[in-house]
Structure formats: C-alpha cells, structure tokens
Amino acid sequence: MPTRVKRRSRKAGLPPGALIHVGDKLAETTKITLLDYDESRSQEHDIRTVSECRPYKDRLSVTWIHIDGLHDTHVLEELGDIFGLHALTLEDILNTDQRPKMEDFGEYIYIVLKTFDHSGDQRNEIIPEQISIVIGSGLVISFQEKETDLFKPIRDRIKAGKGRLRKSGADYLAYTLIDAIVDHYFGILELLGEKIELLEESLVRNPSMGTLQAIQHLKREMLFLRKSVWPLRETINSIERSESPLIHETTGIYLKDIYDHTIQVIDTIETFRDMLSSMLDIYLSSISNRLNEVMKVLTIIATIFMPLTFLAGVYGMNFKYMPELEWPWGYFMIWGIMIAIAISMIFFFRKRKWL
Amino acid sequence: MPTRVKRRSRKAGLPPGALIHVGDKLAETTKITLLDYDESRSQEHDIRTVSECRPYKDRLSVTWIHIDGLHDTHVLEELGDIFGLHALTLEDILNTDQRPKMEDFGEYIYIVLKTFDHSGDQRNEIIPEQISIVIGSGLVISFQEKETDLFKPIRDRIKAGKGRLRKSGADYLAYTLIDAIVDHYFGILELLGEKIELLEESLVRNPSMGTLQAIQHLKREMLFLRKSVWPLRETINSIERSESPLIHETTGIYLKDIYDHTIQVIDTIETFRDMLSSMLDIYLSSISNRLNEVMKVLTIIATIFMPLTFLAGVYGMNFKYMPELEWPWGYFMIWGIMIAIAISMIFFFRKRKWL
Amino acid sequence: MPTRVKRRSRKAGLPPGALIHVGDKLAETTKITLLDYDESRSQEHDIRTVSECRPYKDRLSVTWIHIDGLHDTHVLEELGDIFGLHALTLEDILNTDQRPKMEDFGEYIYIVLKTFDHSGDQRNEIIPEQISIVIGSGLVISFQEKETDLFKPIRDRIKAGKGRLRKSGADYLAYTLIDAIVDHYFGILELLGEKIELLEESLVRNPSMGTLQAIQHLKREMLFLRKSVWPLRETINSIERSESPLIHETTGIYLKDIYDHTIQVIDTIETFRDMLSSMLDIYLSSISNRLNEVMKVLTIIATIFMPLTFLAGVYGMNFKYMPELEWPWGYFMIWGIMIAIAISMIFFFRKRKWL
Amino acid sequence: MPTRVKRRSRKAGLPPGALIHVGDKLAETTKITLLDYDESRSQEHDIRTVSECRPYKDRLSVTWIHIDGLHDTHVLEELGDIFGLHALTLEDILNTDQRPKMEDFGEYIYIVLKTFDHSGDQRNEIIPEQISIVIGSGLVISFQEKETDLFKPIRDRIKAGKGRLRKSGADYLAYTLIDAIVDHYFGILELLGEKIELLEESLVRNPSMGTLQAIQHLKREMLFLRKSVWPLRETINSIERSESPLIHETTGIYLKDIYDHTIQVIDTIETFRDMLSSMLDIYLSSISNRLNEVMKVLTIIATIFMPLTFLAGVYGMNFKYMPELEWPWGYFMIWGIMIAIAISMIFFFRKRKWL
Amino acid sequence: MPTRVKRRSRKAGLPPGALIHVGDKLAETTKITLLDYDESRSQEHDIRTVSECRPYKDRLSVTWIHIDGLHDTHVLEELGDIFGLHALTLEDILNTDQRPKMEDFGEYIYIVLKTFDHSGDQRNEIIPEQISIVIGSGLVISFQEKETDLFKPIRDRIKAGKGRLRKSGADYLAYTLIDAIVDHYFGILELLGEKIELLEESLVRNPSMGTLQAIQHLKREMLFLRKSVWPLRETINSIERSESPLIHETTGIYLKDIYDHTIQVIDTIETFRDMLSSMLDIYLSSISNRLNEVMKVLTIIATIFMPLTFLAGVYGMNFKYMPELEWPWGYFMIWGIMIAIAISMIFFFRKRKWL
C-alpha cells in the first residue's frame, strides 16, 4: 500500500494560497471540456486555451466546464481569474489530500468530494481520487485528477435532452454529478463485499498468516473509505441546509435523497468493519484451536508410549536375578500387558473426547 | 448468509427517480387489496388494475391500499400518477435496501420500515423485508415485498368494527400498522433469545469451533437487526414531532408508546450483544483451559515415566563392573525405588492441585 | 438466570391498550391499601372492592392508594375508570417489562420505576420488580407486582405525623416513594460489592472455570441493573424539569437530590463494571501463567532426563568393541558424568529464573 | 483497598434531610477556626461553641469559618441554623460519598469537592477526602473530614496581607480554596506518575503476577481519581457561568483558569490510563513470549535427543544376527553418526533463529 | 521517554498569577526580536532591554515582537507591564504544560499552541514546545521556549515585501504564524509515517519483543500528539468565531482553511493509531503462530521417534525365550517395520498439512 500521507511538507514555508499540486500526477495532459445547454439546445466544445471559456461567463444558459488533470497550475490560475475564484479555492483544488467539504464563497459554492477506483492489477486495491465542483450562477466547473468515464452518462443524458436535467439549473447539474459519485460508492462496496466473502471462505478452509494480513489490509481500506464518507455526509447536509441563492429549494429533496444514500454507504462500511473484526476473532481462536489439536496428538502419543517404553526398559535391565526373564511365557505376557495398557489409554482419551 | 450488499450498482448512470426494483423478487405477482371504511361501514376489494383505485382518491372515508410484491414497476408508476407521489418516493419504495426513515412531502408522508421473518429451513435465519407506508389525507398505502399475515389482524379488526380503529382517521391506521411491525420485533427477539440460550448450554457442555461460528453468526444477526432498529427510533420520533396536519395531535400519545417499545427492542438487542460478547470470552478461555488440561496430562505422564525409564536404562548398561547387578535383591530394590519415585511424583502433583 | 425477554409476543395482533399482564405472576391476590391524610389527621383503609376508592377522588386531603399484585386486570380497569387513567397507562402498568420513564398526561403524571430484590436462595440473584406511580391532584396511586416492606417506613412516618410529609402535598409523597426506591439501590450495590470482594479473593486463591462464570454472571447483573438505572436518571430529570402544576416548585430541590443519588448509583455501577473487567483480565492471564508453570515443569524434567537416558542407552548397546565397558571404574564414571549434567542443567534453569 | 461503597444503606427508611454521618470518622474532635478580615486587618479565632460564630453573620468584612471533623452532627445543625443552610445541604456535607457538584440556593452557593491524600504506609494508596464549601455574602464556610495543611498557605497569605486576597471578597477566597485543591491534584499525579515509571521498569526487568496486580491496582486508582475529576470540571464550569450575585464578574477569569487546570488534570489521567493499558498489553505478550521460550528449549532438547536415544536403543537390541555389532569400528562409527545428527539439528535451529 | 508530568507541584501554595517557569529550560538566554512594518517599509531590531519596545506600543504600523527563551521572568513582567497583559496570561506563557487554547481579554487575544520537534539523536523522539501568541491592536507578541527557524520564512517574506502579508494587519500576521505551526505538523506526521512503515517491515521480517515496545512507543507518541491537536481544532474554531474587533472578517476564511488542515492532521493521527493497533494484533498473532510452529516440530519428532524407540526397547529385553531374536532376518525385518512406521507418520502429518 502506498503511504497515505502525501508529501504536503514541501508547502511548508510558502504563503497561503500558493499553487502547488500536492498528489501524484495522474494525468499526462490537462483536458478541458465545455458543455453549454439550456432547455432547447446543448453544445459541446473541447477547449484548447482557457480564455475560450470567458465568453460563457454570464450567459443565461447552463455552462459545465470539466477539467481532467490538475498538474498544470497555469490553467487553474487563468480559470480562477476569469470566474473570480479565491486563491484558497485554487489551492484546495490542487491539494488532492482534502477531506470532503463544502464552502460558500457567496459568488460561488466550492465542494470537494472523493471518488474511488480499483487498481487494474491483481492486488485490486482501491485508489482515491479527488473531485472538486464549483457551482456558480449558471455555471458548474468540475475538476478531476485523471480522466474516467464517471460523468459520461450525465454528458450523454444532457446531449440526449431527456429527463429533468436540461430543464433545470446549474444546481441540479451539480446534484447529478454528486449523485453519480455517491452511486459509484455502491460499486466499490460490492467489490469489497466480494473480497470479504472470499476471505471468509479461505478463513474456514485454510487460515494462515496471509489470511490475517488480508483481513488487516481490508480493515485499513475500510478505514480509508470511512474517512472519506463520514465528512461526505456532513458536506451534503450543509449543501442541503445552505441558504445560498445558488441552490434552489426544489433541489433540496434530491440532496436529501443523496444524504440517505450516503448514510446507507456508511452503514455498509460499519457492517463490513464489524464483519472483519469477527473474522479476526475467528482467526485468532482457530490458531488456538489448532494448537490444542497439535498438543493433543503429542499428549496421546507420549501417554501411550512412555509407559510402554518404560516397561521394555525394565526387562532390558541386566540384573542377575530377575525371575520374569526366566519364565517361558514371560515375553508374551509382557506383550499382553503392553497391549492392555495401550488399549486402556485409548479408552481414557475416548472418554475425554480427545479422539 | 446471503451477501448483505444488494446489487444497487446497476442503478449507476441512471437518472435519479429511475424505477428499478433493487432486491430479490420475493413475490411472483403483484396483489393489490383495497379497504375503504368509515365509522359506519367497511368494504374490501381485490384490485385488478391500478386505475380502479382512482375513485377512492378524495373520499371522506379512510382508504387503505395494500400492495404485495414490488417487482412490477408499472403498477407503481400508475399509483404514483393517481395519488401524486414524487418520483423519489417511488424509487425509494422499489429500492428495498433502505434504512427506516420518514419524509414529509407536504401532500403525504412517506415512511420506510423494516420487518423480519425467519426462514423456514433448519438454519432458521432472519430475513429482512421492507415495508413502505404512504399517509395521505384519508389514505394509507402500504407496500410489502411478499405477502405475509402481518397485517391480517388489523384487517380483521377493521372489518369487525371494534375498537378505536373505525372511528379514527388515516393516521391512526398508519399507527396501527407501525405498531404491528414493532410488536413483531418482540417475537423475533424471543426466537433469538432461545437461540442464545441453546448456545449457552452447548458452550458449557461441549464448546467447539462450531459454537464459535454460531456465536459470531448470531452477533452478525444482532448487528443486522440493530442497523434496522436504531433509525426506527429516530423515524418514529420524527413522525411524532412532525407538524404535518396529516398526523392528528391525539395520535401523538400512541406514537410515544411505540417509541417506548422501540427503545425496549433496542435495549434487548444491546443486552443480547453483551451476552454474546461474554459468551465469546467464555469460549476463548475454555479453549485455554482445555489446553492447560491437555498439557497437565502430558506433563504428569512425562514427569513420572522419564525418571523411571532413565533408571531402567541405567541398569540396562553393559558395564563389566556394576555391583548392583550382582546383588540378589537388586531387581526388587530397583522396583521399590521406582514405585517410591512414582508415588512421590503423584503427591507433588496433588499438592499443586493438578490431580 | 431466567430468560430476560418476557413473553410479550402474545400481545401481537391485539389492539393497543389491550390489558394483558406481561410478566410472572408474583402475587397471589391483589391487595389494595388506601391512606388518606392531611396536616391534622391520617386514616388507613384496606380496600376490598375498587369502588370504595371513589369517594376519595376529589378531596382536599392527600390520598395514597397502593396496589400489590397486578394479575387482576379488572381491578385496574375499574381504577382507570374512576381516576380517568388512559388505556395506554393501564397497559404500561401491566406490562412489567418497561424501562423507567415519566409521562405527563395533563390530568396526572405517570412514572414507571424499577426496584430490585435478592432471591432468598443460595444463588442470591437480584430480581427486578416494576413499580408504577400515578400522581394526580391530591392523589398518589402506586402499583407493585408483589408485596414488600419497601414503603412501610413511609406509611409509618405518615401515621406518626412527624416531618414534612404530613404538611406537604401529593408530589412530596411521590418524591418520598421515589427516594425510598433509589435508596434501596444502595443496599443492592452493597450486596453486589460484597459478592465482588468474595470473587476477588477466590480469584487470587484458586481461579477456576467457575470463577470465570461467576464474573460473567455478575457482569450480566450489572448490565441489567444499569439498564434500569440509566433511564431512571433521565426520568427524574424530566420530572424535575416538568412544568406540570402537579409538581410544586418547592419539591424541585428534593428531586435534584434524588437525581444526585441516581448519578452516584450509576457511578458505582460503572466502577463495578470496570472492576469486573479487570478481574477478567487477571483471570485470563492467570490461566496463561499456569500454562507457563506447567510447561516449565515439563521442560525441566525432559531437559534433565533426556540426555541422561540417552547416555544410559549408549552404554546399553551391544557392540563387540566398546572400550569404556571394560574399564573397572567405567560405571562410576558414567554416574559422575550423569550427575554433573543434571547439576549443570539445574544451574542453567536457576539462571533463567525457572526454578 | 477498602470497599469503595460506603455504608449508605443505614440511611434507608429515614426521611430526607436526616443528619447521619456517612463515611469513616477520620477526625477525633471537631475543630472550628474562624478568620475575619478586610483590606485593613485580619483576625483569627479558635471557636469553642458554634454560637460564637453568630456575631460574624452580617458583617461587611469577609468571614472564613473552617470546620475540621464532621462526625459531630450537632455542630452542623447549629451552624445550619445560624447561617440558614437548607437541610439537604447539611445532609450532603455529612454524606462524604458525594461527587463534586455546585448548588445555588440563592442565599448561598454550596460546592462539594474531593481532595486526595496518600496514606503514609508502604502501600502508598490515595485516600479521598470530601471538602464542602459554602459561599454566602461576605462568608465562606469550609468543611473537611480531617485536619490537613492544605489550606494553611492561604491562611498565612491572609494574615500576611499580601496579594489580592485581602482586597477581594468572599468569592475570591472561595476561588483560592478551590485553586489550592486543584493544584493539589498535580502533586498526586506526580506521585502516580512515579509509581507508573517504577512499574514500567519492573515490567521490563521481571514481569510477574505481582506486576499485573500492581497495574490493575493503579488502573483502579486512576478510575477512582477520574470519577472525582470529571464532575469537577462540570462543577467549576457551572460556578463560572452561574448568574448568582455572590460570584463577581472579575472572579470569572480566575475560575476559567482553574477550569483549564482541571482539563489538564483530566488529560493527564487519560494519558496514564492509556499508558497502563499498553503496559497490560506488554505484560500479556511477555507471558506469551516466555511460553515460546520455554517451548523452544523443550523442543530443541527433544529434537536432538530423541533420534539419538532411538539409535542407541537400536544397537541395544538383542537380535542374534546384527552385522554392525561385529564391526570393530562400529561403536565409534555410531558415535560419529550421532554427533553428525546433533550438529545438523543445531544448524537447523540456528537457521530457524531458535538459537 | 521523559516523564510527561512536568513538576508543576512546586507552584502549590503560591497565589495565582505567581510567575514561575514550569518546564525544562531549553534556551540559555532570552532573545527578543522586533519587526515593525507597514505596506511601505519594514524594520528589524534586536532588542537588548525590554523597555526599547515601549515606543512601538501605539503606532499605526504592525509590530511583531518575538521572544525566544522563557526562563527570565523579569523580561515577561516588564513586557506585561508595557503592553498591559493580565497576570494570568503571563503565568500561562511561563507554564509550558498548557493545552492549546484561546482567551479573549478584550484588549488583546491570547493563544497557546504546541509545536513539535524531533530530537537529533538516534531515538528520534518528538519533543513538544509551547508557543504563545498575543494579538493586540497592531501588535503581535510571540513567545517560544527555544530558538528554531519555524518563523524564519515569515520574517523573510515580510522583509521581501511580497504577498498579502505587508498589506494586512496584525491578525493576518498571527494567522500566518499559526499556519506555519500547523503546516509543521505535516512534516512530523511524515516522519512518524516513515517510522510506522519501517516498523511494519520489521514486523513481517522478524517480530520481537523490541518490535512490540516500538509499537507501544509510537502509540504513546500518537497519544501525545493527539492530546495537542484535538484542542487545537477547538482553539482555531473559537478564534474564527470570536467577535473580537482584533480579528477582521476577511481573515475568517484563512482561519477556516487552517481549521481544515487541523482536521486533516487529526484524521491522519487517527489513521496512524488504527494502523498501530492492527500492527499490535498482527504481532500478537504472529507469536501464537510461532508457538504453533514450535509445537508442531516437537510433536512430529516425538510422534515419529517414540514408537520406534519403544520397538527398539522391546527387542532389547532380556527374556530367555523371544523367538524373533533367533530369526536370521529379524534385525532387518525390524528395520523395515520401523521405516514403514516413520513413513506412515510422515504421510499422516502431510495430510494434516503440518509438513
């Protein structure tokens, strides 16, 4: 697992609002897509230079600007200049180590969210990605570290012109984006649920030190997920209760709906955590059980053979006068005694339910 | 246990309010029952097509529509159309993975609850089922995934015309439904209480890896139950404090009563969880105790026979000059010494309370 | 321990307010005692039929009706009829599985409390009992499952006419009853404190599986007690803050006093719980310690005798040419070597502090 | 440790406000000291009979009456009579089993606090003592179970006439008393910190069952301390926020200061609790480690000598035809084989890092 | 680790506001630096005597006085005299055992914060240091125990005259100082993150008693850090919400930004704590696993060789009539039987997955 503490420290000593990208550079280039629509039409542009966005600033239509790739700080600076974003907002967009939050700057609302992806390799880890959304008047700007197809269905729905989306304002678009992000969590949880089930099976079949490490690894992923989803609840709640004129009252009920989904996600995470905890208990007690098994085998063997070996040792002594040695059936008698001892020992263990 | 995360992910990418049934299709067909009553009369109908409900919309009498089976989304769409239900309400009714909640849409109040059933097979698991209740003006619509006889006594009481039910409004009917659901929890808890008692006995008699798994299984069922009952408390509280004109003030005291029952259910669940935790402690320490027992047997046997075998070995040596071997009573003396050693060992173990 | 979930389920399907006694029938008959007093006089009656209480309804004096035994639902129905008790209050009085609570019905205040008794047998278990108190205007009705002498000192004080009691109203009488109940908890806690001390001693002297079960049993009793006392705090607090005209302002400071006592009871219960937890830790680590002891004995014996037995075995071999066997002092030399090995082993164990 | 539940039960059945001393009688006699001062002078009296205090009742100067020893209930009754203390206040002063609290009776403020002392014996236990403070207008009465020199520096400062004390009112004197009590906690914590350090050393050097008991003992003392300090925080907070005219606004900032100290005390207690918990973990795992050590020794000895003894046994057999026995170098060869086996075993254990 | 309870007790008995330095004297001398600036110019002074600060008291420019070294109480007394600091503020500055807090004295705001440094030695421990900040009108006074270069970049930025700093008031300067302190935490967390990773590796490679102690040591450092950062959150929050005219509204958004960073620090600390807890679990179960391994080796050896040694013992007996001994192939037969037993034992262990 990569260290979870990103190298923020190189920001130390810099003035606040200094634009430095904190995080792994996931995307090679910065790609800007602009989608402008109202009830009657929709129009998509691939933007080359940021200044092309300027004409869309004060239109009556809804403008959605989506930026993939955050490493080019100049693009952000220019965008901030055009749309009047605060230096701290730009700093937060670049610092991909944020926890979900919502900030009302009056002119616009700034929202940070986390989404998760699974790495393609066989370790199948979950990888966090930060998504920033700026809601202005008739304007939504979304920022993503790396291009994914998370928002593609929304773009398609806008182009197709079906549903409420084209008829509603920028706040409904922002809601749709957040909804897509929250819905994506359910997919991640299903994946983790499957991992847990596989682990449960291997726990019953063949518990090993590797099982333990897998449990602990999943626990940490849960912890990580939880760290992102708990503040999400608060964030959505504060958007819902915000008195900003940018959020219309009719959107409130949709935000309440996402809020409920978020709580469901949290519930599932907590359930998974509890399941992993009891798997740990089962693992630990299965180790103890196996120790018991091993010790029983040892004890049974020792308890049967020690008296027998002792007896054989006795009749291996070289005393001059040992009457039994002279008896013609002595040897067979001693075999008889030995077998009797062994059988009675086995009966004893049967009674104690060790065999 | 079936995976607890239902396949919500196929909803991803769809617009909010899209009607897709999330959950296992429990019922084969959708069955609609309509019961219309006022103080003087009651009338029951089996509805074939949803449009038959339309005439009952604005009557002064109380109309109770009960739907069994949720997989037919068309039925819901039509019902939503007739009674003016919001798209998100319909979505929530179909999504059977909700946590209990109450939402006031002004025109109507929407309530989601969970009930539990035991599977008939020998595993005797508890199976959750979602019940949605819509309270309108003079109208109650209840939705259930599968037909059970949970609400039968209420239907019978309405038909019989006894008690407050016929004299009261839709909110009292809704209260009666919720009361039936909460009362049903006590039955489930009794069943689980019996399971716990059986487990406690088997824990004393013969603790095994299976006991541990049964404890963990019950713990998980408790967790599951708790996840449903905790928000239930909040839900009933918010119905009680709701200022909706659909809930009359006189119903408040009855809701307070259910609220108390819910807290009792929660208390019992917490008690069961604590009992299961201490059963786990007892299980784990009984494993340690048994290891101690096993090791004591081994140690006693080894401690008695090792010195004896050594002695026998000594007099089995072939040295030319070993005076004891020549003694006429040597052999009997050595037996005497051996028996003395064995007896003193046994005394030593008695003193240490190992025997 | 009896199952803690009382058979409430037979109430399922009945309308709310249905009067069914939930609980074990502790008393054989229902006994009603009426005590009517004001500053100048007091008068006690044994009531045969409930209707005898009717004349005391609207008097200026304070009337205290005490009912022992709840199984006769007719008595309750009639009482409820005379004094205007709500159906849900009657249901709650009969349902002896309530948690402490206070409900203000306007006309009267209904309070449920729990008291505890020790069973007389050698198991010395604590047995819960529910006490309901109804405070009306100039009226206190108290309900108890079984006759005890808990309230006898109060009755005596009223008859003797000493103290504030005779000069004060019904609310002060109710306070005195609650005070008696809360004071009774201290006695129960002393008993449990003694049990814990006995257990601590036996834990040091001779820890066994029985000690563990006794610890767990006490933990469960604590849990049980706690479940009753936590809501009690809330209950007394809500009586104190209640704005009902039935509670005079001057009684407030007395209720605050009981509130403090309740917190003291809770503190003590929490301390006991912590003490029991650390006793569990000590028990578990004493098991591990004893395993260590057992294994040390085994290891010492094996480590001393295995090399010796091996040596004896060597000189028991039958090789034709074994020079040591021919040496005249061979046998004594080998004894010397063996004793040297044994002594050096013992030194080794001394150094490791095993002996 | 003495049982922490004081015999309160003998109060059961008595009316509230009954004056009975609950606690161990720590002092032999009751000693009353009166100190009367204003900005210009201070005067100290040893009071013989309580009525001597009466003239100081309504003076403009500040009067501080300090009572050592609580067993003489008559003294209290008379004091209560002179200064108008409520019966419940007197009861609380005598009941030395209180948790810290503050009660505003209008005419005066009643504060209960706990201080701690170390017993002089070698067990060095901490012993709680209750201090009650009554703040009236120009009056402070303090009650202590046993005479200590806790308040001596304050008395000296008043007599010396330095600092703010002489210039300020009764509330500042009360603050100074509370400050002395809270500062005293730091000394107790240092003592406990030293105990913990000693224990940590003995845990590393030589962990034993006694170490475990010492850890548990300290944990219980922490628990006990914590039980007193947590409500103290609340108490000081409520004095600070109290709107009583007896507390001047200028004293607020000093109370805030004590409040901060209390939080520091709580922080330290929590840190100590965490340290003791991890010491418990270290203790438990050191037991497991030692078991591992013991078992390794046993396994190494057994694994080396069992095959050797077997080999010696083989050549001790008495078969007629055993060719090796006849070989002239047979005996030396077998020694060679045995030594080779032993050495290869030791290499095996080295590789496994057991040696 | 040094004892965490600083010797506060020598303050006991002194009046409140007595100036005594509580803490280790970290700096040899007290060094005072004064920096006076406005938008157009900046001027730095090294102050020899405190009275040199007096002329800067009521200027319109921003004055930043920084004091390194707290042991000289006279310097503080004089400063307090010049700038009107309350005796309790001076006491708090000297008492370096404070938890972070903010106090509004009207004329000025007093803030206590904690920073951490790593000791240079190989133990690489974190060492706390207290920083006090006083914000007045156009004035910031900062107090540090020991000179570090924490604030050097800020001083350089002021001198260079870039950024907002020169244009803004004293509150923005104070914010910049707090920001530097909070940013410094990220460096400490990275260091600790690396320590945890190293520990994780050594846990997998070679867990030992030392690993356990290192885990516990890190846990305690986390605890320690957490104790400082939790109140920091509250502190920054209360500065932000403070209605003091000393904090301008425009600074609010910057304080919100630090608040978010503080929460990120807390999140990381909690994650580290969870990671250390699961490392403890892995450590403990790896001990159990190794015990299992050891016991398996012992059991395998014993189970194979005990029956063989028994057999060899049997044919070492000296009975007169033992037919097998006479058989010419007896010896080779017995070898065959022994090898067969050994092989079947090995197969048995293979089947049980012990080999």
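For clarity, chains are labelled A, B, C, D and E in written order, and residue numbers in each chain start from 1.
Criterion: a contact is a pair of C-beta atoms (placed from the backbone, for glycine too) under 8 Å apart; a residue touches a chain by one contact, two chains touch by 3 or more.
Just so it is clear, the structure is predicted and the values come from calculations on it, not from any experiment.
Chain centres here are Cα averages; for chain A and chain D they lie 43 Å apart. Rounded to a whole number, the gap between the C-alpha centres of chain A and chain B is 26 angstrom.
Residue numbers of chain E whose C-beta contacts span two or more other chains: 288, 291, 295, 298, 302, 306, 309, 313, 316-318, 322. Shown here, the protein chains touch around one cycle, each chain meeting exactly two partners. Beginning the circuit at chain D and passing next to chain E, one meets the chains as D, E, A, B, C, using touch as defined.
If you check the complex, the residues on chain C that touch chain B are 3-5, 7-9, 11-16, 86, 88, 91-92, 97-99, 101, 103, 105, 206, 209, 212-213, 216, 219-220, 223-224, 227, 280, 283-284, 287-288, 290-291, 294-295, 297-298, 301-302, 305-306, 308-309, 312-313, 315-318, 322, 324-331, 334. Interface residues of chain E facing chain A in the complex, by the touch rule stated above, are 153, 157, 162-165, 176, 179-180, 183-184, 186-187, 189-190, 193-194, 197, 253-254, 256-257, 260, 263-264, 267-268, 271, 274-275, 278, 281-282, 285-286, 288-289, 291-292, 295-296, 298-299, 302-303, 306-307, 309-310, 313-314, 316-322, 353-354.
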